[in-house]
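Letters are used for the chains, namely A, B, C and D, taken in the order the chains are written, and counting of residues starts over at 1 for each.
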Amino acid sequence: MFRKGRFEKEMEASASSYTDSLEEDVRLFKPVVQINMAHTIMLADRGIISKPDSSKILKSLLNLYNTDVAKLDMSPEFEDIHMVVEEFVIKEAGEVGGKMHTAKSRNDQVAGAIKIALRDEVLKVQENLIELVNSLLSQSEKNLNTLMPGYTHTQIAEPTTFAHYMAAHSAALLRDIKRLDDAYESLNSCPLGACAFAGTSLPIDRNQVANMLGFKRLDDNTIDSVSSRDFALQIMSALAISMVNMSRIAEEVLLWSSVEFNMIEVPDEFASTSSIMPQKKNSVVAEIARAKAGQIFGDLMGALSLMKALPLSYNLDLQELTPMLWNAIDQTRDAADVMSKMMAGVKPNKDVMKNRVKSGFSTATELADTLVMKLGLPFRDAHAIVGRLVLNASREGKTIDQLTVDDLKSASKDALEKKIEISESDFTAAIDPANAVAARGLPGGPAPKTVAAQIKILRDKTKQHTKILKVRDRTVHETEQKLLKRVRELSR
Amino acid sequence: MFRKGRFEKEMEASASSYTDSLEEDVRLFKPVVQINMAHTIMLADRGIISKPDSSKILKSLLNLYNTDVAKLDMSPEFEDIHMVVEEFVIKEAGEVGGKMHTAKSRNDQVAGAIKIALRDEVLKVQENLIELVNSLLSQSEKNLNTLMPGYTHTQIAEPTTFAHYMAAHSAALLRDIKRLDDAYESLNSCPLGACAFAGTSLPIDRNQVANMLGFKRLDDNTIDSVSSRDFALQIMSALAISMVNMSRIAEEVLLWSSVEFNMIEVPDEFASTSSIMPQKKNSVVAEIARAKAGQIFGDLMGALSLMKALPLSYNLDLQELTPMLWNAIDQTRDAADVMSKMMAGVKPNKDVMKNRVKSGFSTATELADTLVMKLGLPFRDAHAIVGRLVLNASREGKTIDQLTVDDLKSASKDALEKKIEISESDFTAAIDPANAVAARGLPGGPAPKTVAAQIKILRDKTKQHTKILKVRDRTVHETEQKLLKRVRELSR
Amino acid sequence: MFRKGRFEKEMEASASSYTDSLEEDVRLFKPVVQINMAHTIMLADRGIISKPDSSKILKSLLNLYNTDVAKLDMSPEFEDIHMVVEEFVIKEAGEVGGKMHTAKSRNDQVAGAIKIALRDEVLKVQENLIELVNSLLSQSEKNLNTLMPGYTHTQIAEPTTFAHYMAAHSAALLRDIKRLDDAYESLNSCPLGACAFAGTSLPIDRNQVANMLGFKRLDDNTIDSVSSRDFALQIMSALAISMVNMSRIAEEVLLWSSVEFNMIEVPDEFASTSSIMPQKKNSVVAEIARAKAGQIFGDLMGALSLMKALPLSYNLDLQELTPMLWNAIDQTRDAADVMSKMMAGVKPNKDVMKNRVKSGFSTATELADTLVMKLGLPFRDAHAIVGRLVLNASREGKTIDQLTVDDLKSASKDALEKKIEISESDFTAAIDPANAVAARGLPGGPAPKTVAAQIKILRDKTKQHTKILKVRDRTVHETEQKLLKRVRELSR
Amino acid sequence: MFRKGRFEKEMEASASSYTDSLEEDVRLFKPVVQINMAHTIMLADRGIISKPDSSKILKSLLNLYNTDVAKLDMSPEFEDIHMVVEEFVIKEAGEVGGKMHTAKSRNDQVAGAIKIALRDEVLKVQENLIELVNSLLSQSEKNLNTLMPGYTHTQIAEPTTFAHYMAAHSAALLRDIKRLDDAYESLNSCPLGACAFAGTSLPIDRNQVANMLGFKRLDDNTIDSVSSRDFALQIMSALAISMVNMSRIAEEVLLWSSVEFNMIEVPDEFASTSSIMPQKKNSVVAEIARAKAGQIFGDLMGALSLMKALPLSYNLDLQELTPMLWNAIDQTRDAADVMSKMMAGVKPNKDVMKNRVKSGFSTATELADTLVMKLGLPFRDAHAIVGRLVLNASREGKTIDQLTVDDLKSASKDALEKKIEISESDFTAAIDPANAVAARGLPGGPAPKTVAAQIKILRDKTKQHTKILKVRDRTVHETEQKLLKRVRELSR
């Protein structure tokens, strides 16, 4: 495109297709058009180009804005979307089209366009994550009293409820949403006017352009503007962490829906069967979500490696970061979407869960705590006694609900040569999982009332985030409408 | 340690050394002692243990607090620092020591201790990054008028100043500091009371403990408390991104101090020579800083992979994340420290820079801009004309300062068959790099006055961060002193 | 597809599009058809299905083989290419088509198809890497006497030749080719017959199928067959390492084509200019190749994370590894291709290189070696003396070719208070870079004759690899032709 | 150390400690001494240094060889182990010690020393992996008839045996061992004589040194010798893949030892209990091994990022790769060691496994295959019928062993409106898991006899590898002894 001044030879075909970014740039089409609109208006306002010239350019940009990107001429010779847009305008508006690129470079334009596109994308990811949180919290609300074993080290540990687990995942996902909030804030700064990296001597107005594009502030330094992609790395990190959190939900879905655990039923619409084993019900959605986490780690790793040791300012390497960014965005958004639907339909097998809690010695800690409270034993002694009780029971093939105070007494003797006294009712209360759960009414704990309180807190946070999202979305949208209105007026 | 109830066999030696974490836990020693102090006070306040018992325990914890960690008994059988602390107390305070672990688990304790240690560490990293920013801004202040070529694609592009480059790096690093701010905020939430993951039925007071340990709030859900390490992943991401930014400074130091660029002099104290080539001056500090970035990416990647698809709640896998976290912290802190010292001593070779700017066609854009402004040419035409001027000059072996208005005119004819008129003085002004830089007075640009303005903005941000740091540091410190004071009173 | 027996509900649309793999499976189309051909022939030969049935199936498979994949019905309900193929056959051949899937599962079929596709792809990557080696070795041959400074720590160190550098990169790339060789060997093992993972009780003949598909041997264990993708991880590692090696060539191209180094001229066809700076010549191909390395690291990292802690046997997670594998393949192949063309056209600026060698103290080591050999000094003393000589010269602004024996003598005095005697001719010989290079005639060294010897060795290795490639390519191709011939006969 | 000629200032303390590598270099101590021995002998043989001088040096090196590395002076000013060794010799042997460094550089020496150390380390990793394979194969041998459900998608799929699973993991690990074999071969090439990167004009004999150090061949190009670490990347890749394979064993241990699966008993010596839940038995060794995989991915990723875009030849960045390499080596070796011990003690709960196979519809495929074979149904029809049978049974709460031929007939009607006839005995045989397994006698399949055959194949491969290991180990050891003998003779 720009070769004619400098070079005598065209680019080698393989080199040209190797370095063009047209396919990936489609996502930047509208933002690039918007930037050109805002920039052109400013150029005219500042007298850098004439009103009639700007009018022609804006008219053509408006046509372009309403054109389906699929219908544009995307020949590789155009290198990138920036050139496609410029060519379109020059073709329509004539030679004056060339003035649109005054005091502007692909370097600042691409940074600006990525940020504009990203603002939208981040909001969409957050929206889907909020959906997932809501889906989990609804499960939580419905299952405040659904007893289930809680796990540590993939081993049954203590009794809790399905509600408590669902709230735990929600709490983690809310931090993901918060991280994206921070990242949004960090990217909402305008690079336009940085030009190649050193600004321009033409009397442009950076603030006007930033305002028209809905940016909150200007980048502080023009070299930094075109050289940095840490805003993208920050978002990719937040996405990778969020995929970690979703992969953990996926893992539990897979574990719990196994025949052996049999604690939840995954809705048929989110499962598949086997081409060879007709009895199978495979949680394929959970498998894919789990696997995709790795892919997003890869995107982040690729982007970090790419940025390492790049000298300032712009290098074409930066172009290769963007596809990884979009992939991380898309995959996280899709994972949140499909998981929110799946989790809404998951059904806990309440009886299985309850029976497993009862038989699994999960109230051992509660029993030890009781020994501490009622008998004043040091916790370590209580631990040793109950440990022995469990060992003895295992040997005799008994489950905890089959044990008596006498078993406890002899365990105490075996373990510490210590006589203890405890009432039948205290003993029975301690080993009843529903009691144990209800007793754990501390903030954040599993008791139905405190989980209800957690849900309230988490719902409130979710609402707050929704509010922020809406404000941001409206701001961006209204800014765009205002810009288009102005363009329409000026292009008449 | 806790095996005697449950198991009959000791752990296999290789298994025991494979799973213990004592070496890495040293960092958690003081935080673990503090947690035990706060927890014991709370237990006594709530009547869960008696005042005399708590007094004995606290006395022993105070002794322990003042003990050099290197002198503790760290036999592998203790598994981790939590057991070492408990053993110490039991040994000193007798059997009542066992009560300290009431309503507490290693699961919540380790999460709490990591967060306490991390609060300190994050502040230290930020402090060093601030040092580095200050070091760069001082260079910037001293070099507002130090002309140098600015680069894109590792090619000389347009003139700018050394000040502008140093400010660019500062702006990026300030975002790193901000990201650590966000991460600090996100980690400052107390997991204590989560116990194994399901809380306890004992009437503990989570808020009291959180307050005594200086946490801003409670974790919302106790399962999440012991299962999650996204606070660590968030910090590691921020560190990895910061290492990217420092590796880019390092790369430029290496590039610019090469014989070919010869644009800066690295202080001898940060360089080494060769065992075989006596003439060499190698920027080894920059090389190590560049290389370390990769290591931190590895830490982050390791941590993400480790967390992927882990079912809730606690799994011992989490233990293996911590060493990677500490390494990322240490390496980033050290890199910032040594680079801030090195960058303070870097000397720009002003004459070399100036000559290169003059001879390198770097004012070509300025010349094109002039054609746009003075002659009203579309930018694309101006670009084509100047492109041809450069091509012609290269062929004749001329540099830009040897060119005349006539050369420009004939270039215009060659490129576009177009006659142009421009005054000698406009031409001369356009191709003078000092003029070009001075003319670029837009916000964020290279003109000395606007760089001065940037420095002010960046200094202000730095001061704001320093203020936050100090407040946080004081808060943590005063909280600790208050806790110790209380312990001293109660252990009398 | 297979849902009708097991489920009552269709898959949710988002879940179905989330889990299908049709887009990525296009690459497996032909391999899947081939597998079905070989499998059907075997089923008929073993009497598991009747000859007429097999004849109908094969006829339809042959049609399918000759069908453009773009024209196939790829509705998401088909989930993957396996189902698309089966549906096609059932549609054409009628109900007997269903027999094709006897004693076969998607699990073994997909592993087999990936391996078949991969055999081809690996050969193509190797072919392009060989092209690149040849391109570098041709440069090497043409530049045996092209003196240039050699670098350590990005600093001029000792004199060498452009030929020596080009041979160095070739040697590294030949190890990449070798690694792909090893990986090819490792993947050339047939999973077919593993079915879902436990084989079948039907009397199939695994060896016959393996032979017809050109596999060298059978997988040893059928669970392992469908569970493992380490063959893909091995290839992705080899590709990542090869991208490292190519990124290093790219880095040097960028460095050396900078105005400051000015040591090579990149052909115009592989460079671009700037939209704003008409004088720029940017090595964009090298930038993209450098950046892409990061992407391939990401693919590898994603794949490793994905595989971590997956229980056996087949999990749908494995499906998500394949796109990362293909991307790594494609990017490495393209990088090698475009770099081989670019490197063929690179022109060393011989005069610049020579002058830099002369002026850059690069012969200091040679001078020190001379002091060792001629005067019997310990190397450390010689090092100290020459170091001081360089320091003194730098201070006086002299380059090495301006120094005299007297300068050396006084440096010796300054450094060690030692008097030395050396003849003018020895001194002059030592500091002449062409002499220094010619003198380094040891194997692997820079002397023109030994570089010529290296080139011979490297060319021989390249030829050996080419031979292996050709044999493998022919084997695969002939096997396929034989299979098709057999299908044609049987489907008549 | 070498500063005195070139610099006037000492290195800044923080810079010096930032760039020294002494701690990590301990591992290179003996290799560096050996290299100096071989090099000195060669220098004397070639007349480059005198016999008496070499004698003094060798004597001192022999003393050093027998010195505990912990007792050496490791002051940071020495930078690295190379200087420590040289200083020791100079101190003991006097000024002639300085001659040892003639025609040698730290650049080639460090590459050589890493390779020598690595040869040993790789053999040790392989040894432990072989142990693990043997441990798994012994389990396999003991459990040829131990029926268990085989899984796909974490769902019970078809019956197989514990032996078949253990053999599957063995097959994967044997590929890991093979990859390390290839890597060993690739690293066994000598860089010595490359000096800084350009060799030397002194008449050294590279082949003699390579022989004395047990290298198989010379590196082809001296620049490549000091610049490349792809041998390390190749090994790290192989280790990362091996950690993937071990993490999958670990995951199954965790899954299968859960209360819900209850299919294996992990030996107490490899488990721990909880500080709060006395009934717990946690497979902590498996958890750590699973987690460590992530760390090794991180090491690899760090190393790849570090190497990306490094210009040739030596850069100090390379120094930072080595600690990641050693960590990957150590962790893989330890994982294999502790897992081989743990897996030797794992006990399958045979009854649980058998009951689960019976009740879990795992023979559904076998039943479908029977319909294909006995009735000539297309597989898809058989699949649909058996799918419906399973659905009906699930609804009625029946397990497969409670079903009858009539159930099958009505399922056929429900699914396809098709009447089928099958004998009671064929039906019963098909749904008996022991029958199903025994019938799958194809190579690689689960039938006891074919698993026995697999074990033989895998044992043979293991033996072959053991043989290679022993030869390599002996070669290296004998070469070292020969060198020491020669040194003793010459230093008299």
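Everything that follows uses one rule, which is that a contact is a pair of C-beta atoms (placed from the backbone, for glycine too) under 8 Å apart; a residue touches a chain by one contact, two chains touch by 3 or more.
Values in this document were obtained by computation on a predicted structure and should not be read as measured data.
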Q. Among the other chains, which touch subunit A and subunit D together?
A. B, C
**Q.** Equivalent interface positions on subunit C and subunit D, same or different at half
**A.** same
Q. Taking contacts as defined above, which has more of them, A-B or B-D?
A. A-B
Q: Mind checking the centre-to-centre distance between subunit B and subunit C? Centres are C-alpha means, answer in whole Å.
A: 34
Q) If you average the Cα atoms of subunit A and of subunit B to get two centres, how far apart are those centres in Å? A) 23
Q. So how far apart, in whole Å, are subunit B and subunit D when each is placed at the average of its C-alpha atoms?
A. 34
Q.
For subunit B, give me the residues that contact two or more of the other chains.
A. 2, 5-7, 101, 107, 152-154, 157-158, 195-196, 255, 273-282, 284, 287, 290, 293-294, 297, 300-301, 304-305, 307-309, 315-316, 365, 383-384, 386-388, 390
(Q) For the complex, give me every residue of subunit C touching subunit D. (A) 2, 4-6, 48, 86, 90, 95-103, 107, 150-154, 157-160, 164-165, 167-172, 175-176, 178-179, 182, 186, 193-202, 204, 206-207, 218-228, 230-231, 233-234, 237-238, 240-241, 243-245, 247-248, 250-252, 255, 290, 293-294, 297, 300-301, 304-305, 307-316, 365-366, 369, 372-373, 378-381, 383-388, 390-391, 415, 436-437, 439-446, 454, 457-458
Q) Any idea which subunit A residues touch subunit D in the complex? A) 152-158, 254-255, 257-262, 273-284, 287, 301, 304-305, 308-309, 356, 360-362, 364-365, 368, 383-384, 386-390
Q: Provide the residue numbers of subunit D that touch subunit B in the complex, in ascending order.
A: 1-3, 5-12, 14-15, 18-19, 79, 82-83, 101, 104-107, 195-196, 267-282, 284-285, 287-288, 290-306, 308, 315-321, 324, 334, 337-338, 341-342
